[in-house]
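Chains here go by letter, A, B, C and D, matching the order in which they are written, and residues are numbered from 1 within each.
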Amino acid sequence: MSETILEVRELTKTFGAASGGLLSKKTDGFVAVDSVSFDVLRGETFGIVGESGSGKTTLGRCILRVHDPSSGSVTFTPKEGEALDLADAPLDQLRKAWRKLRMIFQDPQASLNPRLRVIDVVGQALQKSEGLKGKALAERVGGLLESVGLRREFMHRYPNAFSGGQRQRLGIARALSTNPELVVADEAVSALDVSIQAQTLNLLQDLQEEYALTFLFIAHDLAVVEHICDRVAVMYRGQFVEVAETAALFGTPRHPYTRALLDAVPVADPRKRRRGAGAAEPVDVGAPTKGCRFAPRCPHATEICQTTRPPLRNISGADVLCHFAGEI
Amino acid sequence: MTAIDSASEVQAAESVKTPDLLGPWALMWRQFRRHKIAYFSLFIVGFVYFVALFGEFLSPADYLKTNTRAPFAPPQGIHFLAPDEDGDSRFLLHARGLKMEIDREAMRRHFVEDPEKVIPLGFFVKGHEYKLLWLMPTNRHFFGPIDPKQKVYFLGADRLGRDILSRIIMGTRISMSIGLVGVAVSLIVGVSLGGISGYYGGWIDNLIQRVIEFLRSIPTIPLWMGLAAAIPLDWPPLRTYFVVTLIVSMIGWTTLAREVRGKFLSLRHEDFVVAARLDGLSDWEIIRKHLVPSFASHIIASLTLAVPLMILAETSLSFLGIGLQPPIVSWGTLLKEAQNIRTIIEAPWLLIAPGTTIVVAVLALNFLGDGLRDAADPYAN
Amino acid sequence: MIGFILRRVLYMVPTVFLVSIVTFIIIQLPPGDYLDTLAAEMGEAGADNTAVVEQLREQYGLGQPIYLQYWKWMSGILLEGDFGISFEKNLPVTDVIWDRLGWTFAISLLTLGFIWIVALPIGIYSAVRKYSVGDYVATLLGFIGLAVPNFLLALVMMYVAFKYFGQSVGGLVSPEYLDQPWSWAKFANLLQHIWMPVFVVGTSGAAALIRIMRANLLDELYRPYVVTARAKGMSEFQLLMRYPVRVALNPFISTIGWILPTLVSGEIIVAVVMNLPTTGPLLLRALLVQDMYLAGSLILIVSMLTVIGTLLSDVLLAWVDPRIRYQ
Amino acid sequence: MLTKRKWTTLASVIAIAVAGQAAAWEEAPQLAEQVAAGSLPPVDERLPAEPLLMDVIEGPGEYGGTLRRAILGGGDQHNMVRTIGSDNMVRWSPDWSEVRPNIAKSWDVSDDASKFTFHLREGMKWSDGAPFTADDIMFWYEDVFSDAALTPNKDSTFVGPVGPVKISKIDDVTVEFDFGAPNGLFLQALAYGFGYHATAYPKHYLSQFMPKYNDDVQALVEAEPTVGDWVQLFNLKAGPMDTPLFWQNPDRPTLHAWHLTNAYGATDRVIAERNPYYYKVDSQGQQLPYIDRITYDQVEDVETILLKAFNGEIDYMLRHLGRPSNKASLTDNMERGKYGFFDVGDLPANIMILMMNLNHTDPLKREVINNKDFRIGVSHAMNRQEVIDLLYFGAGTPAQTAPREGSDLYKEEYAKQYTEYDTDLANAYLDKVLPEKDADGYRLGPDGERFTMVFLVADVFGLQYPDAMELIAGYAADVGLDFQIRTTDRSRLIELHTSNDFDAYLWNCSGGQADAYLTPICYVPTISNSVSWAREWAAWGVDPSTGEEPPQEVKDIFDTYNQVRSAATPEAQKELMQKVLDMAAEQFFTIGMVQNDPVFGIARNNVRNVPNPLPIAGQLWFPAPYTAQMYFEGGTNLP
C-alpha cells in the first residue's frame, strides 16, 4: 500500500505571462499554482482543499495535462508499464495514460454533451480506445451504469433526461469506463444536494474498493474531505500550506489558514462563518507578495512574515508552510 | 468555481416532463414550433423556394414577351360572375379586357377595363413552351387565360408590356439562389477560417482576425463596384451572375467567421470538450463530434438571417447598375427599373409588387432565422 | 490596459497600409481612367478632342505605371498630408472632402443616436416581454426596417414629402437657404430636412440592434444571478438596469465600430437619391468617373476612421468588461 | 485680288444709328445702383460703340429675376455651356438657318472662301471691364493655338483642307483668317459651339501664366497645389469650355452674358451673375441680359430634378427633363409647378443605330459584317414600329441613319431603304451569308460555330438603350441570329469602341440636319469618341501611314468629302455633300432604327422670349446665344 502512483514535483502554472515580444511588453502573469510538490500513494484518497481561486482546480487540470504546466514534473506510475512524466509527455503517450488516469468533473451538466446519448458519452473512451461498437459497447456501458446504480436502459436517453445526482453518476461511470487506476475528482459532489452528496460519496467509496482506485479528491467542503480522504493538503493561493493525515489535520491544525478554515466550518450558522479569522477579507489575488502569502490575513503575522517566504517544515508528520509552525 | 447552479435545477425539474428519448433536434423542433410566426414563416419560405423551382409552370406568361398594347397596363382583377347570353350572371372565372387609349400630347396610355370583354381563366392551361425542372418539355401552366392568345396581367405590366407577375416569379429563382449560393460560399469560407482561428488561436488567429478587420473596414459599395467593374464584358450573363454572387457573399463570411470563432473560443474550454479530449479523441474528432453539432443550430440561424442580407445586397448592386444583366431578371433589377418618380406616379404597381415580394420574403427569412436562433439551444435556459 | 491599447494601435498600421494598397487596386480595377470618362462627356458635345484628352493625361500623370502612381499618392499623404488632386474638380482632394466628411459625420452621429434611442427601449421591452403582442409588433417593425431596401424607402419618403407636405425635396436645406449664412431660420430648416435621411439610413441599423439587444438580454435574463436577485425581492426595473442591461450593452458599444462603414456604404445610395451633401455621392461619382485620388482618399479615410472606431469600441468594451482583453 | 462681299445685317445698321445717341442706353436697376455708387462706370462707357442690337423673339423685356436650374454633381458642365457658354464670333439664327454677326459686327469673305476678315466692335470689353481687341485674338492665335506644348493638336474648326489657319491683325478691330485654300464651311463651323476658341482667351488675364509675359510665373506655379509646371498651370486656368476646367475658374474674364461667381463642383450651388459689360442691347436700347442671375442647384439624381420641376423650382430647362418618359408626369404637375412646354428640335440623323464593327479584328466576323447582304438582312429583321410604340410612345418614324425630312439634304431612299419589317426577306438575305443553322435554330458562322455578336449598350439615357437592345436581340433571334446584350457605363463603352475592341454597339448619330456638313461621322469614317464603325479606315483617312487602307468605294467618299470642305459656295457644297450621302447610302455602313419627333423642355409660365421650337444638336449649343434675351414677365420669378 505504500507504492507511489503519482509524484508531483515543483509544479507551477502561470497564466497570462508574456515574454515581451515585438508587440507586447513583458508581463509576469498570474501564478495559479506555485511550485507544488506531493506524492499520492496507490489506493489512498488524497484530498486537496482550499477556497475558490486557491488554484486547486488548476492543479488538478495540470496534473492531467488539460492545462500545460509552466514548469515542474508529474510522474504517473501505472501498475503495468513505465513511469511517465505527464508534464512533457507526447500526445500519443498521454492518450494511453489517460485510460488509467481519469477525471470526474464538478458540473455533470457541462461535462456531458447534451447532444449525445448516454451510451455515446459514457462509452466514448471505450469506442476510442478499444474500438467497441454495437452490442459489445452496450453490454459494457450497461454494466457501468449498473455499477453506479443506474438502470441499464438509461443508456439510450439523453443526459438532459436525468437529475443532477444521476448525471454525476453518469460522470462517474464514464470515468470508470477504462478501468482507471487514478481518478481526479474535481469538486465531484459540490454541485449536488446534501442528501445526494452523501449517496454519491458512498458510491465513490464502494467503487474504490471494487476497482482498487486511487482518488485525488479536490473539494472546498471540509466535511466532505474529512469523510472520504486519507490525507489532506490545504491549498492557499497556489501553495500547499499544510499536508497531513486527515485525522491529524482536523485534530491539530498547524497552519493558521487551516485553523481559519476549520473555524469557519460550522455550517449551521452561516453568520459565524463571516467572523472567521480574516477569511472573508478580500485581497487582490494576483498581487505577488514578498513574504508569506497568508500574512495579510494572518492574525499571528509578524515582521518576518511580511518579508521572508516561510520554509516548508515537517512537524510531527505534517508538512506546514509557516514561520511559526508548531509554535502557534 | 461557482456553487450550485440554480439553472441546472430548473432544467432538472423541466426534464421530468421531457419524454425520455427526446433528442436535441426534436427538442429544437418543439421549441421552434412555439414561435408561431417563425413556424408560419417556414411555410412561406418553403413556398418561395417552391415558386423558384417551378417558376415557368407558375408564371402565366413568358416573362420576356413584350406587348405593344400593354405598356404600363394596370393590374387586372379576377372576376367570378360573368353575364351569359341571356344577361343572367353565371359563375365564370374571368378577367376583363383592357381598352387602351394613347394620349400623344402627354405621351401616356390610359387603360380602361372593358366589362364586355370577358377573358375566361382556368387552371392548368396551355401557354408558352418550357421545360419543367429543366427536363420535361411542356406548355401547361398553373393558372392563366384559357385561350393562350389572350393576355392577362394580374400584377400589371412594365414599360415594355411584360407581365410583372411572371417576371417576379422568374426573378424569385435568381434572387433566392443568390442568397443560397452566397450563403454557401460564406458558410464554407467563414466556418473554415473562423474555425481555424478559434481552435488554434495564436498567430494564425491574429492573422485571420486582422484580415477580417481589414475587410470590414473597407466600405462595401466601393469594394463591390471595383470588383464588379473588373468583370470582363464578354462573359456570358450566367457567369457574370455567378461572380456577382461571389462578390455579394464577401459581406457574409466575415460575420460568420467571427461567430464561429467566438463559438470555438467559448466551447474550447467547455468541460465536455475537455472530457472528450481526456477520452482520447483527436482534435478533428472533437470538432466533428462535439463542436460542430454544438453550434450547427446557431450557424443555421445565422445563415437564415444572412440570406435576406444577400438579397438586399443584390438589390443595391442592381441599383448601382453593376448587378445582373438583362435578360436575367431578379427582384433587385425589377426594383431598380421601378426606382423613379414616373413609376411612383403612373405605375406604382411596378414598385409595390416586387417591393412587397422582397419585404415578405426577407421578413419570412428573418422570422425563420429568429425562430431557429431562439430554438437553437434548447439547453440554454 | 495601456499595453492592450498600444498593441491594438500597432496592429492598425499594417491594416491601414493594406487598406491603402487594396483601395488603390480597387479603384484601378475597372478598365480605363478618368480621361475616358471625360472624353465620353466631351463626345456629347459632338467634339472629338482626343488631343485635349492626351494633353490632360500628361497633366494628371495618368500615363505612369500604377506602382509609381501609388507611390506618388502615398508619399504625398505621408510626407505632406497631400491626398492628391481631384481630376474632375481640379482641386486638391483635401479642399473637396472636409465639408462633406463633416456632414457625413453629423448624419452618422445623428443616426447612431437615433439607432440607440430606438433600439434600446424596444430591445429591452421585446426581451422582457418575450412572445407578447408588443414583442411581436416590435419584431415585425424591426424586420420591416431590415427588409425594405433603404433607397426604396428614400424615394418613397421623398415623394410623400413632396406630394403631401409640399416640401422642397433634395438636399439638407431648402433652396432659398442654400447660399445664406447660418442662422436660426436656416438651422430650423435644416432640422426639417435632416430627420428624413437619418430615419432612412437608421432604420435597418436600429432593426438589427433591436434583434441583438433582445437576444443578448434574453441570454442574461435567465442567468442565476438574476434569478437570485429577483428572489431577493429587487424590483423588476432595478433588476434589469442593475446587471443584464449593462452586460447586454456591449453590442451598443460595438456599433461605434461598424457604424461608419455601414453608414457610408448604406448612405451612398440614400444620399444620391436624397441629394445629401455627404461623402456618399462624391465617392460614388468619383468611382464612376475614376477620379482615382479622390475616390482612393475617401475610401482610405473612411477605412481609417473605421479602424479607429473599431479600436475605440474595443477599448471601451475592454474597459467595461475586462474579460475581453485576454481573448 | 480680293473682291469683298459685304455682310451687314439690318441689326448692325440700326445699332450704328442708335449709337449716336449714347444717352439712350438703359441698364438694369441693379447696375444703375452700382453706377450711382461709383463702383461701376456708366452704361455708355461699358457698352461698345456699336452694340449688337439683338433680334429678340417676342419683344423687348423687363429686368430682374433669377433663372433657376438644377445641375448634376459631376459631368454636367454642358448645363452651363449650353445656357451661357456659346457666344462666339458669329452665331446661328434661332432657327439654325443662317449665320449672323455676334461678337464680330461684320465680315468679308474672299471669293474662293479662303480668307475671312472679321470686324470687331470698338470699345468692347471683357466681363472684368478690360478692353477686348484684336490683340486678344492674336494672343490666342500666337501664344496658345500655335504653341505646340499648349495645343498639340488643333481643333478642326480652325484647320482648313491644307492646314491650320493663319491669323493676322489688320488693326485693333480687324483680323484676317487665312486658310491658304478654300474652306467654305468655316463660317458655319465658327458659329457652332467649338468656334468659341478665338474669343475666349483674355490676354490681360491669361498672359500672367506664361513665362513669355511673366518672368515670375514659377511663383504662380508653386502657389497652385495641383500643377507642376507653367503648361499645366495654363491648362488649369484656361481649360477647354466643354470640360469642367473652364467652369472651375471663375476668375477668367469672358464675353458671356453671365459670369460665374463660384466654381462648378465646389459648392451646392453654382451662381452666374449678369456681365455688366455685355455687348448686346434690345431695340429700346436696354442692355442685355434681362435676367439678373442664373443659379444651378447641385443635385445627385435626375429624379430630383423632376421633383424640383413639379415644385416650380426650375424656371427653364430641357436637359435631363426632356425625355418622352417624363412627359406624362410633367403634364400632370403643370399647374402645381406653373410651367409649360416648348418644343426642342433635337433631331439627329438617328437616335438608335446598330453600329457593327466593319474593321473587326476577328477576320471571320469582319467578313460577315462587311457583307452588305448581312446588314440588309439584319435591317429587315427589325420591327422598328414596335420599338417606336414601346419606347417612344409612337413619336418617331422607322428610318436609317440619314438626313431628316425637311432638311436640305433629305432624300427618301437614304432614310427608308431596308426599313421594311419583313422576316422572310431578312431570312432570304441572311441565307446568302449564313445559310447553316444549329439545333436551336441559330445561324452558324463560316467556321461552323454559332455566329454570335455581343452588343454593348450604355444605360445613359435611362433604360432606353438596354430596353431597345432586348427587343433587338429578340428580333435577331427570330431570324436565327444570336445577339448578346452587355449593359455597361458610357465611359467603358467608349473605351472599348475607341480601342476597336467590340463586335457592335447601340448609339445615336448627329448629321440629321445642317450639321451633316460638319459632322458627317456616320457617312464618312471618322475618328470619333462617340461613333466607331470603321476605325482603321478612319485612321487611314487622317494619315495614310496609319490605320488600314479602305476599299476604293470608301476612298472615293473621303475624296468627295474633302471637296465639300473646300467648296466655296453653298450650292457647290450641297451638290458635293449629296454625292457623299449617295455613296454612303450605297455602302450602308450602319443600321438605323428610329428618327425621333421633336422632344420638349419646360419653361415657367412667365418666362418670355423662349425660342420655340428650339433647335439643338451635338455642336449647336443652343439656347446659349439666346438666353440673354429671355426675361421674366413682371421682372421676377413666379412664386
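To be clear about the criterion, a residue touches a chain if its C-beta (ideal position, glycine included) is under 8 Å from a C-beta of that chain, and two chains touch if they have at least 3 such contacts.
If you're wondering where the values come from, they're calculated on a predicted model, not measured in any experiment.
In terms of the distance between Cα centroids, chain C is separated most widely from A.
Nearest to the common centre of all protein CA atoms is the CA centroid of chain C. Each chain gets one centre point, the mean of its Cα atoms, and the points for chain B and chain C are 26 Å apart. Between chain C and chain D, the centres computed from C-alpha atoms are 40 Å apart.
In whole angstrom, the spacing between the mean C-alpha positions of chain A and chain D is 91.
Taking each chain's centre as the average of its CA atoms, chain A and chain B sit 54 Å apart.
Shared interface positions of chain B, i.e. residues touching 2 or more other chains, are given as 5, 229, 340-341. Shared interface positions of chain D, defined as residues touching 2 or more other chains, are 303, 307, 489, 492. Listing the residues of chain D that touch chain C in their complex gives 68, 73-75, 77-78, 81, 151-155, 193-194, 225-227, 232, 235-236, 239-240, 242-245, 248, 263, 265-269, 271, 297-301, 303-304, 307-308, 310-311, 313, 489-495, 498, 510, 515, 519, 526-530, 617-619, 621. Residue ranges on chain C touching chain B, taken from their complex, read 11, 14-15, 18-19, 22-23, 25-27, 29-31, 131, 136, 139-140, 143-144, 146-149, 151-152, 155-156, 159, 211, 215, 218-219, 222-224, 227-228, 258, 261, 264-265, 268-269, 283-284, 287, 295, 299, 302-304, 306-307, 310, 327. Those residues of chain A that touch chain B in the complex are listed here as 52, 57, 61, 64, 66, 95, 98-99, 102-103, 105-107, 109-117, 124-125, 128-129, 156-158, 160-164, 174, 187, 190-193, 220.
By the touch rule above, chain D contacts chain B in their complex via residues 303, 306-307, 324-329, 331-332, 386, 389-391, 393-395, 454, 456, 459, 462-463, 466-467, 469-471, 473-474, 484-489, 492, 496. Every residue of chain C that touches chain D in the complex is listed here, in rising order: 30-32, 36-52, 54-56, 59, 82, 85, 88-92, 95-96, 155, 158-159, 162, 166, 168-171, 175, 178-179, 271-273, 275-277, 281-282, 285, 288-290.
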